[in-house]
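Here's the structure we're looking at; comments come further down.
The chains carry the letters A, B, C, D and E, assigned in the order they are written, with residues numbered from 1 in each.
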């Protein structure tokens, strides 16, 4: 028997490459979470009376609710498909650290839903008339917030993986957990746009993200293992 | 061979009963779209600056965006599972009108996502201080709107049924189609809350619902048949 | 008997030859009309008494916006024809429309945004007209996304045809959104019943540009549809002949 | 008189010409056994016979009438069992059968119990399908077949995951169906032990 | 020396006492053939042997060490093939194999091609898995098995959906594996035609 083994880093890289490839396979699919986010933010104005001042006030809220929901919609696929076709089982049995591999999958989720938001956030903020100096703050908020959303969402997806119809149960589990992200994120964004200091909500957001980053891997692995039984 | 056949009505009833039973099997699952809706509408105030006046202004928009998204979240499961386990094939091959049977499935979706909204709409409207006489208008708007959302959503779900990763493609297909519902619905609700006449958007909404009710069954059956190939 | 022309039109080789012959008849007028329109619009038309020279962007914006809607209607109609009569040619036309339509929509959005900056002091407002035009772009993107997600051409054709037909309800909504809501955006001043409300020196170049854009669209459509047909029918023998003809001629 | 005829069926899947002029005639009381290597096109042929996949060319007739003409009437006599069982994992075996029957013909509770007893899953009747073993699920699908009848059975590897007893049972079920004048089309990798008079064979590729 | 021992395994599933004191010893070069009627508990046993399902009582040892003690080391020698193939429908056969290998050991492109040629799906290499037939998919899963190695193979009805040639191939693959000192545990409904010296049998229920 060949005793040559692959290292964890190589395996995680292969996993990430595979998931990205699956997402890219259907060309334009990577853009879809972003597209969805744009559509959601486009819906608000439609549903509102065309009073522009109102719109500017709720823009940060719409941005963050849109981010949360687009992240949520993509979550459903995170583990469910892998569980159904048996590849998750293979992942659990490959002898490499399971927590790490699951985090790699979460990273893919962030790459597909979080990163695009980070990239368009400056644009959106400019369109809303945020001052130039506010950019670093907004970027930091969106970066931290989307990371936290992916981590929390992954735990929720793991929990509901073994349940068959999880569409809204997942949402119900994740949304309350994600509420702090939303609150601090929207607050920081609103302050940044208004040109006021945003350190307070930003620190809270950072603290929350660190907290989820420490708790999530463990909870994630435990949840998925139970789902596999 | 027994030549005794069941009628369409009995078969559709059995289908509806089955789908409702599946939804109820996971206890609390029926409540989930509703719960999701509540969470979404609850998130907005969280993400907003605590200004009540602002809240009241955006309440109709939040209500309708919430309705659309909760309907969307439940859609993913509408045909996909049935397609995967082969029961949809059985449905297509049972010799009864396929359009009708698919409409029965759509009805289940409405019962699980639309009906709860119809039931809580008066409550929510009262809480927002809508005058008593506005109730029939609001009820009509929510009823018509949720029906149209379920019909349009079903077509989207049928189209994406056999594609693998559909989370956001489904959203991308359905949201632009559902935008008119959102526009007219939110407009009617806002007018009703403000105590103004809402006939104009309500008629447009009704017209749109009737239009989708005539187009959807055909589009639905065509889409699902293509997906089954 | 009356249907014979229809079936002839629907036969891929016939359509291919027809399209090849017709393309120059649209491409050249397109170039000439656009040139005339541009000269008329950018040089001859007087500056607007309110907007100065800024208004001249209308000569790209309005035709692009009109065509974004018209292309959708063409796409949906040919999709319906394809579904009903199972015509490869109609499917090919429909599939070719999507990218063109999406480009016109993007162009209308981009020129509108550029125009909005001097006019409304902002590139973008969540105004009903602008938003619904954005939704139209999403509709095109959804159509393309659906097509791309299905590998089998036949299935992709039929599924995206259903979507195109269902999506056609959005067209009137975009068109009338300015009337139904009190929008920032200009109400129709040309495309409406009765007399247009625009001075002739401005209007004539606009109409020229519109005609030019339309001819350009048809020419582009013919070229793309030919490509689509060749891709679909690569196993049929007429394609070899067509390829040979192009290679030699 | 039941009779299924297929004439010069042509079908592409992607780039692949899967069915190249397949023809067959199966009369009432006969079983067409479709064999062939993996990927030969058995599943594709069976789905085409059901009218699920549109043909490129060719004609399929049931009792002499093209199946595309009155699909509903044809489907009401058809019973298809694919690679997938067509059962919901979150319903019990009994519920699954009750629902399946409701789409086809009125049955009583004891019919359902009898069908399950026949296919050897009587004691699993009240369990969720997801808690049954792979073979038990296949047996519930066989119970559906007997329960909902139909004069044309189209079965795609019905014996997969079945134990030895299950294979015997399957042959009995097909035998009974043929006896009563039914037609069966069965894709299989394992020769069906039916009397030669009842068996037609078609080997793909 | 490779050796798998199971001692007095006890396991409930829901209300059902599925594994009732199962014990077995399989040495290197031997294959344990697990048979039993549908629902006897073969799949459950195999998953327990992999450490996927926690036991009520009993001990499973690999090379004399309890598998629960260092699960990662055990898993790195294990290769499991379940009722599901463990392949992504939206990747091509080659991509699936490349990914699977990346989790276990470095392989070259020609290894992958060779493995597919060995299992008879060479010409399907570039196709999406969802476009392959059921048997072709199973063959790709077998290619994964040969490619990723491991000294303990746990196979759950590996022959399902395979044609006659596929069954012969499967026996060859298992034979080669045993020859090189590996251990195999195979649940099957079809007697494995292996030399008696290599075969241990366990019949459930």
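Remarks
Please note the rule applied: a contact is a pair of C-beta atoms (placed from the backbone, for glycine too) under 8 Å apart; a residue touches a chain by one contact, two chains touch by 3 or more.
Since the structure is predicted, the reported quantities are computational estimates derived from the model, not experimental observations.
When each chain is reduced to the average of its Cα atoms, C sits farthest from subunit D.
Interface subunit A/subunit B: over half of the residue numbers present appear on both copies, so the contact uses mostly the same residues. Chains A-B form the pair with the most C-beta pairs in contact. When chain centres are defined as mean Cα coordinates, E lies farthest from subunit B. A straight line joining the Cα centres of subunit B and subunit E is 45 Å long.
Between the CA-based centres of subunit C and subunit E the separation comes to 57 Å, rounded to the whole angstrom. Centre to centre, using the average C-alpha position, subunit A and subunit E are separated by 36 Å. Separating the centre of subunit B from that of subunit C, both taken as means of CA atoms, is a distance of 32 Å. Each of residues 89-90, 131 in subunit E touches at least two other chains. Each of residues 22, 26, 81, 84, 163-165, 169, 172, 175-176, 179, 183, 229 in subunit B touches at least two other chains.
Residue numbers of subunit C whose C-beta contacts span two or more other chains: 128, 132, 135, 138, 141, 145, 149, 151-152. Interface residues of subunit C, counted against subunit B in their complex, comprise 83, 128, 132, 135-136, 138-139, 141-142, 145-146, 149-150, 152, 155, 158-159, 162-163, 165-167, 169-170, 173, 180. The touching residues of subunit E, counted against subunit D in their complex, run 13-14, 36-40, 42-43, 83, 120, 124, 127, 131-136, 138-139, 157, 160-166, 189. Residues of subunit A touching subunit E in their complex: 1-2, 4-6, 10-11, 13-15, 17-18, 21-22, 25, 81, 84-87, 89-97, 228-229. Contacts from subunit D toward subunit B in the complex involve residues 50-54, 72-78, 80, 82, 84-91, 95, 98-100, 102-106, 149-151, 180-182.
Of all residues in subunit A, those touching subunit B in their complex are 22-23, 26, 29, 32-33, 35-36, 39-40, 43-44, 46-49, 51, 54, 57-58, 60-61, 64-65, 68-70, 72-74, 76-77, 81, 84, 163-165, 167-169, 171-172, 175-176, 179, 182-183, 185-186, 190.
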